[in-house]
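The structures considered in this document are given below.
The two complexes that follow have subunit A in common; it is paired with subunit B in the first and with subunit C in the second.
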Partner chain A sequence: MDSDYTDVTNRIGESTFRLVWDNLAYAQLWEQLRTRDEQVEWQGQTLQIIEGKPPHKLSNDDDGGNENDHGIEYVLPIEMSQYKAGKLTFKCLDLIFDQLCPPDARRITLALANSDGTVMFYFVYKGIHKPKRN
Partner chain B sequence: MRIVLIGETPLVFNLDDIRQLRQHGIVGVLSGTLPSLSQQNVFLSVPLRLMMEELLWLLWDSPLDVNVVGGGLPHFSKDVKSGQIHGQQSALRVQESFEQQRLQRWENHVRKLRLIGVEPQPGDSNLLEGSLFMQTHDSRKDDVKSEHTSSELNPTADQIRHYKLYRKLRQMGFTVHPGGRFGGKYVVYPGDPLRFHSHVVISEPLEDDEPLDFLQMVAGARLATTVKKSYVASCVEAKGEEEARFYSFEWAGFG
Partner chain C sequence: MGKRKPSSARYKYPLPIHPIELPPLIPHNPISWVYWTYCYFSSVNGLTNKIHVEFFNDKYVHIVVKDDSQMNYLWENGFFGTGQLSRSEPTWKNRTHNRLADSDGHGNALEKVTQHRRLLRLEFKKQREKMEQELLELRRKGGTIEQEKELLEQQRKSLRVYKSQQSSAEVLPHEETIRDIDLLLFTDDGKIRQLESLELMPVEAMFLTFALPVLDITAKDLTRRLVGIPEKYEDIHQFISQYVVYHHYRSHGWCARSGVKFGCDYLLYQRGPPLEHAEFCVRILNSNDIKDYNWYSSLARVVAGANKTYVLCYVESLRSPETILRWWHQGNYKSIFSSYKVGEITYKRWIPGKNRE
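Then we have the complex of A and B:
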């Protein structure tokens, strides 16, 4: 497995980036994982997106429509700290959508990495977006 | 249309007004009930309680002719001391009145029993207790000046911020309803709430450099997902004229 991740470490020295990468690769079984080149410095953290392809489509709304759609998802690893305020603001989300992911990305997937090793995945859409069909 | 503003609570009492408001996308919350037969949430009646945002929209952006009337405050509710004095005085009045009634009723009781040749028992007075009452008026008798005009309405910065969010959502074609039941500030519908399912819970507005609380986001988004909704974070800057902005969050379905 290619491991050209950037080492962003959290307070207790674990790599948030590595945790999310490994979770995607070995727990969620994503393929074609790759670190995107674009980087943004945000309040002492380097934000960078992992792109990859999940083993099955993640939302029923994804089929058809977009021709550039190759099932690639854009994952932003971010530290979820339970004991202090997070650092994700609207300004930061603007930066992420403008500078980190390709312009035709329909969403990003936020990967919230906890200090206990768990990772939670949440979709983020710009504007008001209807929930996915079940 | 007459809207009574009591403290910061706008109330509408007229059914025709309520119908008209509904046609303009103002749903409000029915809040009237009877103290002796209280109802919870369902089957409530007039008055219709509005959000401050709705009142501001009616005054500033709607074609409706709205007359805001202050409820006014009775003199005894203005401070703690006069409130206590008023309470003591009225308790005293009730006691005096009850004492008179007891005497009168007991005399009547004794007179009636003697007519049919029965001697009254001391225990009979317990029965009379239940029949004591004091009439209260259902309209005010004091001379509180209640009318004041809408020009005196002075919303706080926070109310104006919420109003900007509310107005943006209306402009986007949504009907806006209070969202506490779903863990948000508003829940918005594509039309009348009785005809449509809501897909969106809107959070309290943030400043653009105010961090999202992840635990709150996770709680909101997980709850919203289970009721087929998206959790939408909103941003309204207190300064500046920029419109409200949104990002939607949804549980990815794994992890």
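Then we have the complex of A and C:
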């Protein structure tokens, strides 16, 4: 299994990236976690994606349709305050899809770390997407 | 956590500082008087060991408590903070212990129950989808209305049966296996490392230093970590109004927690998250703020969808920005926070045809 973060001697907290990683690995129990090599500089921040496989489908309209559906999801850790300041622009998202994800990625999942101790997850789809059925 | 204490005993106190309980006084017994007087003068209710907090990330500060018993104490006495790897109460270590060590699944943590319910719901949806496919198939073949009705009736029945079977099914403890990355969680002597910290919102930390002597830092040190040394009033305005509102509700006995998941500032609980759902969503506004109608209605619809009441909380400053800033530099937080007025409005969508009480 790939896992770049072999050092868990330090408690989470040194970085947002680490917080999201541990959340996926040890709270949501994702598998095959890996930090993707590609990096992008955006307004003084380095953006990097964590990829991995959740224990079950994230959305119930994920079934079928996509033949290269390998169940891998792409997660972008980001500070909530960054988001508030409007750093995540359309251009930035384009950059993320183009340079950070493999070409067949349908969506990325934003992991917003907030100062109240929670990480919120939001989907961002490339282009128009059929609304999810509840 | 694992302890099976009734919640009334576990969450006896609404705040981390408890009232002093004096012994009963028996008026005709002089020893009782002596003892009572002794207790009256000698009792203290401050914490003997203040709670240690640490900070990380310089740009956007996160405030964390790392000691297990202190995390637990803050949670049990007023529901302060959130476990970074949990929904709210820091249960990660226990959950992980249950997952990896004893797989008999004792003590179903909230997360496990929620997960199970979601899985059931997902199964149900799959069933429903299958039935819709059947109906479509029938239509494609050109079935009559009668046939359609019959099919629908059948499906309704079988869905009902399916649902009742589901709800009577026990929560099955999942057969979890230990993954490779889980091995990193164990210490050399086979214990599970604590990865989780309790994170405090900036306003919670301020409340636990300025209003109650609970944390081991001073209010001045805390604000310095949060906003540095502010040059203009705008740098501190948001924090002050958030704190004033937080303090306002806490001092009226409400348990205020972050409302970020509902797009508002705070959620208000009568007692606390494990005991009931939040009743109110609070959104903070400056007293002179004017928003367009979409702003109010979009939030109102979200909040109403979660069955809560939407509260607009207006904060008005009674002093000039210069005065506030001067007090801030002097560390005179008491004067600052008492020079704001808070007023609230509840906002609710009204449908003439439906809401006719």
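Basically, the second predicted complex is superposed on the first by the 117 of 134 C-alpha atoms of A that agree within 3 Å, B and C clash if a C-alpha of one lies under 4 Å from a C-alpha of the other, contacts with A are read in each partner's own complex, and residues count from 1 in each chain.
Definition applied: a contact is a pair of C-beta atoms (placed from the backbone, for glycine too) under 8 Å apart; a residue touches a chain by one contact, two chains touch by 3 or more.
Everything quoted here is computed from the prediction, not taken from an experiment.
J.: Considering only touches as defined above, state whether A:22 meets subunit B (first), subunit C (second), both or neither.
T.: In the superposition, A:22 contacts subunit C only.
J.: Taking the superposition as given, does A:90 touch the first partner, subunit B, the second, subunit C, both, or neither?
T.: First partner only, subunit B.
J.: Just to be sure I read the superposition right, which of the two partners does A:124 touch: subunit B = first, subunit C = second, or both, or neither?
T.: first
J.: Based on the superposed arrangement, let me know which partner A:56 touches: subunit B (first), subunit C (second), both, or neither?
T.: Once the two structures are laid over each other on A, A:56 reaches subunit C alone.
J.: Under the contact rule defined above, give the subunit A residues that sit at the interface with subunit B and also at the interface with subunit C.
T.: In the superposed arrangement, which is not itself an observed complex, subunit A uses residues 23, 27, 80-82, 118-120 for both subunit B and subunit C.
J.: Please output the residues of subunit B touching subunit A within their complex, sorted ascending.
T.: My answer: residues 172, 199-200, 206-215, 217-218, 221, 224-225, 228-230, 232-233, 235, 245-255.
J.: Once bound in the complex, which stretches of subunit A touch subunit B?
T.: Those in contact with subunit B are residues 23, 27-28, 58-59, 80-82, 85-91, 93, 109-112, 118-132, 134.
J.: Okay, in this complex, where on subunit A does subunit C touch?
T.: Interface residues on subunit A, with respect to subunit C: 1, 3, 6, 8-9, 11-16, 19, 22-23, 25-27, 29, 31, 33, 56, 60, 79-82, 114-120, 133.
J.: Of all residues in subunit C, which touch subunit A in the complex?
T.: Touching subunit A from subunit C are residues 54, 56-57, 59-64, 66, 81-86, 92, 96, 119, 122, 125-126, 179-182, 184-185, 193-202, 257-258, 260-261.
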